[in-house]
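In order of appearance the chains are A, B, C and D, and numbering begins at 1 in each one.
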Amino acid sequence: MTNTQVTLVQLDNYGPWTVTPSPRREVDLQTMQSRMYADLSQAFGMRDGYVFFTRFDNMIAVTNGLDLEDHARIQESVRNRYPVTVSLSMGTGPSPADALVDATAALQDQGSAQDADRREALLGQPIPEAERTDDDVQIAHFDVVDATGTYTDQLDAFSSFAHIEQGYATLMRYMHDAHDSLSFFVGGDNIIAVCPDLSTADYADAIDHVSATAGVDVRVGVGRGTSAHDAGMGAKHALEDARDHESDVEVLPEP
Amino acid sequence: MTNTQVTLVQLDNYGPWTVTPSPRREVDLQTMQSRMYADLSQAFGMRDGYVFFTRFDNMIAVTNGLDLEDHARIQESVRNRYPVTVSLSMGTGPSPADALVDATAALQDQGSAQDADRREALLGQPIPEAERTDDDVQIAHFDVVDATGTYTDQLDAFSSFAHIEQGYATLMRYMHDAHDSLSFFVGGDNIIAVCPDLSTADYADAIDHVSATAGVDVRVGVGRGTSAHDAGMGAKHALEDARDHESDVEVLPEP
Amino acid sequence: MTNTQVTLVQLDNYGPWTVTPSPRREVDLQTMQSRMYADLSQAFGMRDGYVFFTRFDNMIAVTNGLDLEDHARIQESVRNRYPVTVSLSMGTGPSPADALVDATAALQDQGSAQDADRREALLGQPIPEAERTDDDVQIAHFDVVDATGTYTDQLDAFSSFAHIEQGYATLMRYMHDAHDSLSFFVGGDNIIAVCPDLSTADYADAIDHVSATAGVDVRVGVGRGTSAHDAGMGAKHALEDARDHESDVEVLPEP
Amino acid sequence: MTNTQVTLVQLDNYGPWTVTPSPRREVDLQTMQSRMYADLSQAFGMRDGYVFFTRFDNMIAVTNGLDLEDHARIQESVRNRYPVTVSLSMGTGPSPADALVDATAALQDQGSAQDADRREALLGQPIPEAERTDDDVQIAHFDVVDATGTYTDQLDAFSSFAHIEQGYATLMRYMHDAHDSLSFFVGGDNIIAVCPDLSTADYADAIDHVSATAGVDVRVGVGRGTSAHDAGMGAKHALEDARDHESDVEVLPEP
């Protein structure tokens, strides 16, 4: 059974900061946000975690294997190098969606995202090291079948993007509502979903839904592991298998 | 009348690179992509351009004021600092959507996005300096009405994101199909659209469409200028006015 | 005759910040400092300027071609993305050393480097565009003759470094005291000097001095141009010539 | 007794790369080098290591607590994000200077720093976890007494730098030759030395030598710990004590 540790990363009082004392230059905001995301990717990643940019001012991480001290260090490193600070809130459980509900609620209890007095909250408890297992994290890595031939080399760049985005939006909602999963666009034609213990049939069902609803054909590789990295690397290899076998769903290690 | 200069930034043969000789660590890909975007934001931004991350392997920039030499320098800087290269293709015209169609077609003519022999294409011609005007660029900056109170502080972080994403997807498609505009999510609850010469009624129409279709209430500030930065900063100030006046659409400078 | 525009970049009240409220983690300080330097390299470099890291909290730039607005934008970009701010002060003249004396004095007049009330000073006047010439900047690029064979592959890494550092320290002082030049270690075995209108004999004299005093053999390529980049690229090509010809001093374009 | 684990980080075949096919733009090289250093600072730092930029193409790290897998991951992350690769070689022992001699010799045995066929060497063995102690690392953090009042606010920026650099060069050589220590300039007026088990008298001796030889007054805080971070943070607090007490040498925890 999965036991995902999810961390909500929320920039403290960020919206007001972006327009104080007057609106800040957009390219600087974009640079600052994307670099913070890049830094968090490396920082969580050094300990086998994943982080997704989501809205940039609210990022979602899978942090199995990172304890409170690791979180505190990342929080400190942001404070030492950026003009803004972050709050971190952890939730855990077999359903990634529910774990994030818990993490978000705990942070909301401390004050609004735009509360000037709520800074650098650090909430929640990691999964105890002794309780961690090889099945804690399940990652599904989706991509679009022949995205380059179907979209990138055929349509204009915005229309390609719009098609892929539409496939993503459909998949993201369905995986959340039907399968308690958190799905994120990670660039190109790639979507990574953090899932509970789903079956091959569940994935096939989601793929059919996206094809029928958005007209976009996707396939998926699924991996399981003790951390986001372990599960995610399994998913990548499984996706390579799916490309090679021209199959819709592949799972590694095989169930 | 607008005359937008759009540049398509496409990473050369990127998909194959990410899995050669075997799938690369996801956090490193995320870091590399988002830092390249950050660097391009600064590089285009130093000359008043904007760039949007779009799919990260295909980014779209508004580059009025940047000539071929500026583009070549940015291309060189990527080559000198990253393990991958980029192709750049410019298109211009009163319709941002059509300008991008031209830019994309020119690049597709040089070979596939996954063609190992097509590297560092540099295509298209900038708007001659003598033809540039104060109305060349029109930027619309949308945000969600009370996103913090309605979503961020109320729903779990993924559901907030899903709502905002749904509003974005609806707006993006409508602005493209009905109004020849290119719209991009830029983080938080913010969407920036690059538009032709639209009227206040056109923007009100788009806002109504998003509200009716996706159930998300947005408002917009619109700016015009000789560059993306000038127009975009006008749009930001106009959006501040819209917040203050609780209006749906504000335009600066006033028409 | 040269007419170098030098900009002093000074972090505002940085020392106290590094220990407030208690000493900050060293790796974060190192990361922040070196990234700011990297960003300034790109920002000045987009307009053909050079910046040297010097002490990191005090950096020295050659900014021929950058006007006050360019400086203000760089200052703003730092403010928008870092937890600290910078003051900028320009000086100009045929002697780089004297130009920096002027730039420093103007900034000192505004208050101490550790004055909490002195923030984001922007001082001095750039060389008027109409007065710029192709001889304004003279750059000398030195390296150590066969550094890899003599040091890197022979001695332990610290001893190699100590030898190169000693050569640098000797050269830096001599070029400053005898030739009004500002010399900077830029990594590897490379030193870049910003010089007034020196002759081939002057450079040969400096090379002899370093050899006699520090026992380190260096050679130099010299370039002239309207900007740091133009002169610096000439110097690099001249240095390639010096390697090929096994000569001590090469100058491009030839005088 | 100290037992320092030192890692030599050497860019593979970097010199030739910087001039192939022709000299690369200096600002891009500076940006690439300083960002790699920043990234390594964070990567080693996430596991309590320190890295010093040294020559940028040869960096020296203190890596007590990082095992081979940690090193391999950092090496992989560079390969995935930069146009160049790094070799890593570890040495250990009570003398930091000797540990680096061993690390360097092992790497030299694999080929020259400019050998196109030597890529991504990963050499040496870390200190076994069971043998690590609280005294393994001794860090001394020096700064210049009243650097701001004596130099920064009084002299021009280059002369301030030259004085501090001269103090550093003197200290670096003396600490190496007399005390088997590796000292590095880390910005501002700060020098960090990685030392064997030195006494308060040894530090006082070094300070006297720098004062007598270079005319620069420095003081020092010394810390000990199981990692570079632990020892380094002790040293920073000790240096704060030295400032408060106007003493020359302070050690934490007190011997």
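Quick note on the criterion: a residue touches a chain if its C-beta (ideal position, glycine included) is under 8 Å from a C-beta of that chain, and two chains touch if they have at least 3 such contacts.
In UniProt terms the chains read A, B, C, D = GTP cyclohydrolase III.
Not measured: the values here are computed from a predicted model.
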{"item": "Chain D against chain B, contact positions shared by both copies (same if over half, else different)", "value": "same"}
{"item": "Identity of the chain that, by mean CA position, is farthest from chain D", "value": "B"}
{"item": "Mean-CA-position distance for chain B and chain A (Å)", "value": "23"}
{"item": "Centroid distance [mean C-alpha coordinates] between chain C and chain A, Å", "value": "43"}
{"item": "Cα-centroid distance, chain A relative to chain D, in whole angstrom", "value": "36"}
{"item": "Sites on chain A at which at least two other chains make contact", "value": "25, 28-29, 31, 35, 42, 77"}
{"item": "Contacting residues of chain B [partner chain A, same complex]", "value": "8, 10, 14-15, 18-19, 22-23, 25-31, 33-35, 37-38, 41-42, 44-45, 50-51, 53-58, 60, 97, 100-101, 103-105, 108, 112-114, 148, 152-162, 164-166, 169, 172-173, 176, 182, 186-189, 192, 229, 232-233, 236-237, 239-240"}
{"item": "Residue ranges of chain B in contact with chain D within the complex", "value": "24-25, 28-29, 31-32, 35, 76-77, 79-83"}
{"item": "List of chain A residues in touch with chain D within their complex", "value": "39, 42-43, 46-47, 73, 77"}
